[in-house]
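One chain, subunit A, links the two complexes that follow: it is found with subunit B in the first and with subunit C in the second.
Coming up: the complex of A and B.
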C-alpha cells in the first residue's frame, strides 16, 4: 500500500466523491421537489423544467435528470476502477475490471459471433446503464427505466443498428427481405419490423414499472392495516406504520434488485441477438468476394 | 348529470383495466410450462444447469411480453384515460 503516491489517493477520493455526489444530488432534488403532505401516490416522472420551443415545449423530467446523474455516477465509477492500471494486475479493482471485460467479451463472442466482437463496449454500456438505472429505486428515487421515453430511446437506438446491418447488402436486398417468404406477406413483415423496438421498450418499462406499482400498493396497504390494528396506541406511536417494516424489503429484493438486473440482461441479450440475426453474413461475404473479383 | 357521466367514465376505465389484466393468465401458464421443462432438463442433466437456467430466464422474459402489453393498457386506463376522457367530455359539453 505504501507505493501509492499522494496524488493517486487524492484522485481516488475525488472520483469516489464524484460517484456519490450525483446520487445525493438526486435525493436532494427529490426531497426539494416533492410537495409536502403527500402520502403514498403513484405518479409518473415529475416535470422539473419547461424550456419553451417553437413546435413543442421541451420538458426536462425527473427521469431525464436521474439518468444523467446515473451516467455521471457510472462514469466516475469506471474511472475509479480503471485508474492506475498496470500490465500485471496487482490490485483488487484491476482484477474486478478485467473480470468484467472478459465476461462481457465472452458473452458478446458467444452470442454474436466473432464478426461482432467490437460490440462489447456498446453492450456493456447498455447493461450498466440499464442495471444502475433500475437499481436507483433502492434509494427511493424515480428509476428512469420506469419511464417509457427512456427505454423507447434505447430501443430506437438498437432498431437503427439493426436496420443498418440489414442494409449492409444494399437497400434493394433490404427491401427484398420484406417479400419473404411470399410477396403478399409484406404488410405483416412490415409490422413485425416495427414490433421489435416496441416490444423491447415495453418489456423493460413494464417490468420495472409493475414492480414499482406493486411495491407501492403493498406499502400503502400495510400502512392502512397498521392504522386498523395498532391505531389504539397512544400519541404519535399510533401514526407510525409498524407493519411496514420487513415485508417491503423482502419484496424489494425481487422487484428492485433481481427484476432490474434481469431486465437489463435481457435487454442486452435481445439487442445482441437481433443485431447479429439481422446481418446476412453469407450473402454479404459472397457480395464482397464478387466485387473483388470484378475489380481484378 | 355531469357527475353521473364522469362516474361512468371512471367506473368503465377501472373495469377495463381489470378486464385487460385477464391477459395475465397466458404468460402465467406459459412461464409455468417453461420452468417445468427446465426443471425436467436439469433433473436429467444436472451438469447443464447454468445454460438451462439462463435460457429459461430469457424465454420467460420473452413469454412475459403479452402480459406486459396488457399491463401497459391497464396502467393507461387507470392513470391516463380518465383524465383524457373527462377533458373530452367537458370540451364537448362546452
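Coming up: the complex of A and C.
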C-alpha cells in the first residue's frame, strides 16, 4: 500500500472530495433556501428557477438539482472505484468494483438472457441513480425519486426501449401484437401497454413519497405528544420534542434505507423483465434468417 | 418559496430526468464497465497464456524425462559392460599370474632338485674317494707294504660296485 505515488493519492483524495462535495452542496442549498419557521407541510420539490419554454415552463426544482448532484457523486464514485485498476488485483477497491460489475452482469444475464448482456451498464445506472437518489433523504435532503417527474422520465425511457424491442420485427408485427389473443381485446391491450410506464413511475415515486409522508406525520405526531406529556417542563425544555428520539430513526431505517434500495431493485428488475419480455427473439431470428435467404 | 404540487407533471422535467438516466448509463458504460471488463479480459488472457505455458512446460518436461530415462537405461547397460569388461580382464590377469607363479615355482623346484642331485652325486663321489683312500691306507698298513695305488683303487672300486649292486 505504501508504494503508491503521491499523484495517485492526490487523485484519490480529489475523487473522494468530488463524491462528498455535491452532497454538502445540496445540504447547503437546502439550508439556504429553507424559509425559517416552516411548519410541517407535505409539498413537492421546491422550485429554484423558472425558465420560460414552449408548452410548459422549464422548472429547475430541488429534485433536478439533487439528481445532478447525485450523478456527480456517482460519477466520482465510478472514477474512484476504477482508479488504479491492475491486471493483478491487489486492492480491496478493485475486488469490490469487480464484484459489483460481475454481479450486475450476472443479474442481467440471468434475467434477460445473453442477447441483452449489453444492458448491464443501463441496469447499473438505474440501480445507482435510484438507490442513491432515495438515500439522499438520509441527509435530510429532498429525494429526487419522490418527484413524479423524475421517475416518470426513467419509466418513459424504459417504455421507449420496450417499444423499440417490440418493433424489432417491424411495425406490422408490433400492431398485430395488440390483437392477441383475440381481436376485441385490442383496447385493453392498448391500455395495458401504456399502463406499464405509468405503473412503474407511480410505484417508485409513491413508495418513496409515502415514506416521507409517514415519517413526517409521525414526527409531527410525536412532537405534539411531547407537548402534551412533557409540556410542563420549565423554559426551553418544554419546547424540545423528546419523544422524537428513537422511533423516527427506526422508521428511517425502513423508509430511507430499506425501501429506497428495494425500490431501486424493483425498478431495475421490472425494467429487465419488460425489456427482455418485449423482444420476440425467436420470431426475430426467424425473420433475419428468411431475409438472409432472400438476399442470396 | 414556490414548490411543486405533490403530484405534478412537467414535460421538461421528465425529459431532463430521462436524459439524466441516459447520461448516467453512458457514464457507467464508459467509466465503470469498460475499464473493469478490459482488466478482466486482460486477466483472462494472461491466465490462458499461463495455462498454455504450463501445458507446454509439462510437455517439455515429459519429453526430457523420456530422454533422460532412455539415457539412464543406456548408462546402466554401459556400466554393466564396463564392469563385465573389468571383471574379465581381472580374471584373465589372475589366471595369467597364477600360471606364471606356477611355472616359476616349478622351475625353482626342479632347479633345486637338480642341484640337490648334483650335490648328492658329488657327495657320493667324495665318499667313494675317501673310502678308497682310507681303505688303501688301511690295506697298506695291514699288508705292510706298498701296493700299487692304481690296482688298489681299481679293487676298491669294484668292491664298492659290488656293494652298491648288492645294496641296490
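In the analysis below, the second predicted complex is superposed on the first by the 294 of 296 C-alpha atoms of A that agree within 3 Å, B and C clash if a C-alpha of one lies under 4 Å from a C-alpha of the other, contacts with A are read in each partner's own complex, and residues count from 1 in each chain.
Everything that follows uses one rule, which is that a residue touches a chain if its C-beta (ideal position, glycine included) is under 8 Å from a C-beta of that chain, and two chains touch if they have at least 3 such contacts.
Keep in mind that this is a model prediction, so the values were computed, not measured.
After superposition onto subunit A, the modelled positions of subunit B and subunit C are compatible, with room for both. Number of subunit A residues touched is higher for C, counting subunit B against subunit C.
Look at A:35: by the touch rule set out above, it reaches subunit C but stays clear of subunit B.
In the superposition on chain A, no contact is made by A:261 with either subunit B or subunit C. In the superposition on chain A, no contact is made by A:219 with either subunit B or subunit C. Of the two partner chains, subunit B is the only one that A:199 touches; subunit C does not reach it.
Rounded to the nearest 10, the angle at the Cα centre of subunit A between the centres of subunit B and subunit C is 130 degrees. In the superposition on chain A, contact of A:210 is made with subunit B only, not with subunit C. Legend: residue contacts after superposition of the two complexes on their common chain; A:44 is shown touching both subunit B and subunit C. When both complexes are overlaid on chain A, the residue A:21 reaches neither subunit B nor subunit C. Legend: residue contacts after superposition of the two complexes on their common chain; A:71 is shown touching subunit C, with no touch to subunit B.
Once chain A of one complex is fitted onto chain A of the other, the partner contacts of A:186 are absent, as it touches neither subunit B nor subunit C. After superposing both complexes on chain A, the closest C-alpha pair between subunit B and subunit C lies 6 Å apart.
Shared interface residues of subunit A (contacting subunit B in one complex, subunit C in the other): 42, 44, 209. Remark: subunit A residues 33, 35, 42-47, 53, 55-59, 61, 63-64, 67-68, 71, 74-75, 78-79, 81-82, 85-89, 94, 97-98, 101-102, 120-122, 124-126, 128-129, 144, 147-154, 156-157, 209 touch subunit C in the complex. Residue ranges on subunit C touching subunit A, taken from their complex, read 1-25, 27-29, 31-33, 35-37, 39-40, 42-43, 46.
Every residue of subunit A that touches subunit B in the complex is listed here, in rising order: 42, 44, 199, 202-203, 205-207, 209-210, 213, 262-263, 265-266, 269-270.
Contact residues of subunit B toward subunit A in the complex are 57-58, 61-62, 64-65, 68-69, 71-72, 75, 79.
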